[in-house]
């Protein structure tokens, strides 16, 4: 069996505006090592998601030294990153402490691609005053990522209060009927708040990519308006 | 096959404090007719739930004339009822117009057993101001029934705002992941609000019975306090 | 039981930028009639979704005459609508003829709120050349709604090819494991394409509202860029 | 990423009559440590639920010494507690030895909030005489918590025998179709006994909070009766 | 396409001790007609199950006249039947009026194969006294069929009280989580009562066949004991 | 919390003909120890099921010495057992090597209660000749337990070939759609073979108890025939 | 909204070797009419699947006259078809009369594409002798389609007996756990018989297409062997 | 309990054309050891699937030395294997690095039975150009195995592009709604591409066996064409 088992999607940045991340959950050490080596040789930077601590430990020291690892979010970043160029346009709202890991995956992904976000933590609806105190700040953002587990009432309530694009990330916290995030997912999809969109359970990375797609559109529009011109090119 | 297929639980009132209702959903005309006849002969009053209009139509005119039928709630009542003896102690909160039938089943059941309730309609969380305007009124009630479909965020939000016993009734409105009320049910059960209790989807009757169990306990306690005495006897 | 069972969310436009639509699926004739009357008296326009032909027929002639009904999409519109003010910024891509009703719900919703969209019909991946022929046109749009049933491979493939925000609408076509859209929904949520966001099965209305949230953000950004100024206000 | 990731719901006691508990299941050591520190500094007492032994071990010795830990129920309590002020008004009925942990979570929660309960253990319906021998004692309590796994026939049978408010707690014991408590949950929700209410699988804490809501209502009613006055204030 | 689409399992009686029944649910008129014709020509008697009234109506008059149809159980019987040769050895216990159709399918199947049973109707556990009053009679039967919907607590309670073989038939009554009998099925399978066996939802026919298998074994044993001899031959 | 958490169902033998077994899966060491101590003091024998090796190891040496442990079946037996008094009347048929543990649980349970059985191993239908070679032997038994995982075709095929009572035990072997035995369970319940009865996934104990119920009925019948008299007493 | 809503995959025959069929289940009359018109104008022949009788009736007489409709299989064929050019290489095995419609969909699809098949009807495993009598005939075919509902034991047994490619088609017959074919599907996928492949529930069309893919490969191979040459070109 | 718990299906090769493999997932060391011993004594070669490293380690050194173990695919092979006799006729296409283990199980199985295949790795549809670059090569193969997790769009897209028999293997990669491969499985079964066939999740072995069945049919056909004769004998 040949070792050439990874064909990086090197044209993704050109097509989509952001390069391919590496989802490490089911990968073996040898596979990860070859992928990282490829990127380092090509001087491409690399975002690694769902990189467990034991997977990191199994990599050769020379590779580990090149990876900026963040244990809560299970993300690793190789190579250069630029700081955010614009003021934040994304609010990241989360319901409780248990949602921190998923929220952090989103934050790290945004940071890797050069976008900042404003965090609103622990504003779950069981103590509604915490959210109501901050809703005016959240309203100012054109894009909102709302992270919540259990019954995921937060994204519904947020999407009923603010006009921006709201991306719900159901979280696999809870037990019993929470069913590894299935109840949260279904609640978000069945939400009575109009226009709430949803990503897979625990998919902080996906929510960040959706937000990136939206902010790139904003950038194009702003650019187009500035130059009094043409179509959105993505 | 003998016709004697119904054995009414005539000792239920003595045991539980309220008599047996008749759940008509899967019953045939002949079965319903015999049950009603039994009650009329014994001069027992009778609550019929899930009584479809076509089932009512199929009954003999003499029985139909004795039934006070309410089409939205699909309930029928035979025989005497007393008006409520006390001021209402139960709030009945519902999210939207589509929940009206289930809420009405609860209201009619309470009325049959001599309890009034205060209705708070169309206060779903997609327009949160509607609920917040009325929350002080709801807070005054020791028992709250909260009826909601789709993502059922309402019971969670209510139970986070009021101190009384909150009984959630998930409703089978919605489509797709709403799954005939399954998403609403799971959201209510996985709620982050402490002490929210839940009944089966669309079970307005069950929520009313739970509320009855609680108000009977209040009555006993009040009676006991008045007479400076004894234990709660239910 | 009082008739006052509908409390319209009259502040929604101010909060979210678009007014409340009426979801008719589980509503009774009397309820619909009161809601429409309220809107007509207040001279508010009204979008009705999931309005079945038999529900329309049951309304009084005077109301029916005021409703612009579209049978395929099951939508009705009362009152004035302005034509779209800007060139279309939304692509609406669908996989097959069977998806037409859901796509039409999205189109009508966008039209009600003054947004045009460009349709790309019958470009399902079983005959991939149909999509590839048109991908450059789709790439030009900052927002893409992708409607597909069965295995919903289309949204994944589209989101791998274009940089805009892609909102997947799973459709309840198919049979067996298609399970009323559940397979399509899960495929869209589990998609390997980064940043694909999803709404409930058959929820053309929700996808349109998400697109509206995104285009309003674009408008704000463009306006802000024009006036060389401040924050996005939604 | 800032450390300020926990915003305690400090107004909960005022709103609901009992303060916020900390659900530890998905929390990391650092998060727990900060939450406990906050409470200790503010001299607030604290109920910790689902606190695994290894989570406790990971806390600093100074915090561990302040926590009254109960391994079976996985609960920890920091700070003062008053003994129960009234005779017990809550019966806690459980089906078998395997339900002991969930029952203990309920008991500890009640104790934290100053309520006693009477335990009826191992009265599952496979040996019905055990329950029938004790049913008169259970009948005397206005509130009953019924804990059972597998097919959860116990709550149904209890709710058919006693007039008080019966809160079912399905338990995740069993295997195969028991499905981590799903069969027990559905049996309790589909119960033929009128007015049985249900909380999430294994949610002893939630059942205790529901019981607290009910006993606080009893207290208010009794107080109101004593003083010949006013409304229930919760 | 040839018409010869039915190959009756004519050797079944010899193998299993009872002949093949015809499950009519998905069959078309032409198919049923050919099957009945085949049986009439061969002078075989025939049990038809799940024969809807409209299916019966669609048969030619000459066939209809030969069928003894029982509408509640949806069963039809062609040809001779002998009366039961022995006193009943099967108890048929059911929870409520709604279970009557399934119980009747079992009764009719037993009757077709020459076995009587004793009926115990409406003994559901919500009013436990009704069952306890009759438990001694049920105990006398070596085989018990227990029919119940919703939470199916009845089979568990029965199997905890009597020593015979207990076959549970879950019934698709109820709504919401009852899920067309799934909750009842899972409760019966997860029962804490030892040795309870279960058939498919609504499968009165299957329960009767299981009972037949058991009584034929009893007959063989009794025969063997009488003749002081050999092995059980089925 | 009191230690008296186990109330043995000491009247079970009298009621059902076999005493209570102890299901150890979710029990803690202390609980097991008290249960065993109770039995030893009372000189009752005891069947322990789902007793994991680590649970056994955690018991005090004095108790371990009294337990006859069988690791494959995870069963332990304390106290005296009589050998089987009669020739075997139960066939135990299993599909593959992976079903051995479940089959052994059934065998050990039967042995504890004094019944022998004849084993037919590895006769799964993928190599049908293995079953067909032995079908005549199986036919001679009045009771057959059929153990199979994956698609559980074996119980269907067996029940189509033999006249005895066939109890299917679905096994949680397999992966993917096998879903911990759910596919096997549903296949057994949906079987086209008439009168197949089913127990929970992996429930070798339950199948053995069902077989015991049936053989006790055979014994009564035989006894009754011998003495030319009376009713079946179980 | 433009009417141009159907883009036929006219290159499919060239790519796959068979042209596009029209799945009519969710299509409206107008849509079907336009699709048929397009085909008739282009003189393309057309296979219509899941064409309900009422859909056919709604078409204009001129179109109906051109459609060879087969009610049991719900298929319609427009235009020329050639008879099969080769002896049959496909066996179509089905379990019972209720599977006839699905089997007929497969047969008609094969016929449309010029392939014959040999039918083996009513050979379900409940009466195994029916299958064993014909197994030698089935063994001679390189491709076998096995159609079965309920527990779908037939495909497993067949795949254990014959060496050809076996395609299982689960059928949505049955009730309760049969769950519209889900149990049959899972049994087929979890089969212990090696190399059994599966299509969606009731998908006779898909099984026929799979068989076509296989026979086209046989044709290529045979052609290649005849001409002593090259690679398979599909 | 006797040790003779394995009855190898020694006639399988003669019936099906390939011998029985040993599925090791749930087997214990003793069981595996006896099976291997049997094969070694009989000088039969043996394919072991799902053989975990720890299971291998537990075998006696003498057996381990005879097993060619491949850790990624968890397969072991004892005994002789012949190299492939023909040029490859099977394409093995996989979506991403995470699918490598399942693909390897297929490859090793094919190798064991003397068939080669051509690998196309990492051609998932998120970067569609990778597949389109290689589609002409894939088209040349009469049989294609397509391995993919998450949303499994790859098999659909492949089956829409190539004429050969396409066998989808859903993979249990992913998280949340991916649900251990259930979303991938359902997407493959609900595929809009005609004639796609599917095996169980992660069943690389089964896909290889299906491919073997197909290539053996090709061999027979080629042989038959060569010799201008007879029927396919498998």
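Chains: A, B, C, D, E, F, G and H, in written order; residue numbering restarts at 1 for each.
Rule of thumb we're sticking to: a residue touches a chain if its C-beta (ideal position, glycine included) is under 8 Å from a C-beta of that chain, and two chains touch if they have at least 3 such contacts.
Values in this document were obtained by computation on a predicted structure and should not be read as measured data.
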Chains contacting each of chain G and chain H, listed by label: C, F
Graph distance between chain C and chain H, where chains that touch are linked: 1
Taking each chain's C-alpha mean as its centre, the one farthest from chain G: D
Relative to chain A, chain with the most remote C-alpha centre: E
Where chain B and chain G are represented by their mean Cα positions, the distance between them in whole Å: 51
Centre distance in Å when chain C and chain F are each reduced to the mean of their C-alpha atoms: 57
Centroid distance [mean C-alpha coordinates] between chain G and chain A, Å: 44
Sequence positions of chain H contacting 2 or more other chains: 126-127, 160-161, 176-178, 182, 185, 189-190, 194, 200
Every chain pair in contact, whichever chains are involved: A-B, A-C, A-D, A-H, B-C, B-D, B-E, C-G, C-H, D-E, D-F, E-F, E-G, F-G, F-H, G-H
Residues of chain G defined as touching chain C within the complex: 1-2, 4-7, 9, 11-12, 20, 23, 25-28, 31, 35, 170, 172, 180-182, 185, 200-203
Chain D - residues contacting chain F, complex: 72, 97-98, 100, 104, 107, 119, 121-123, 126-127, 129-130, 149, 173, 175-178
Complex interface listing, chain A residues touching chain B: 95-96, 124-128, 150-153, 156-157, 159-161, 174, 176-179, 182-194
Parts of chain D lying in touch with chain B, wherever the complex brings them together: 15-18, 21, 89, 139-143, 160-167, 185, 189-190, 194-200, 205-206, 208-214, 216-218, 220-226, 231-234
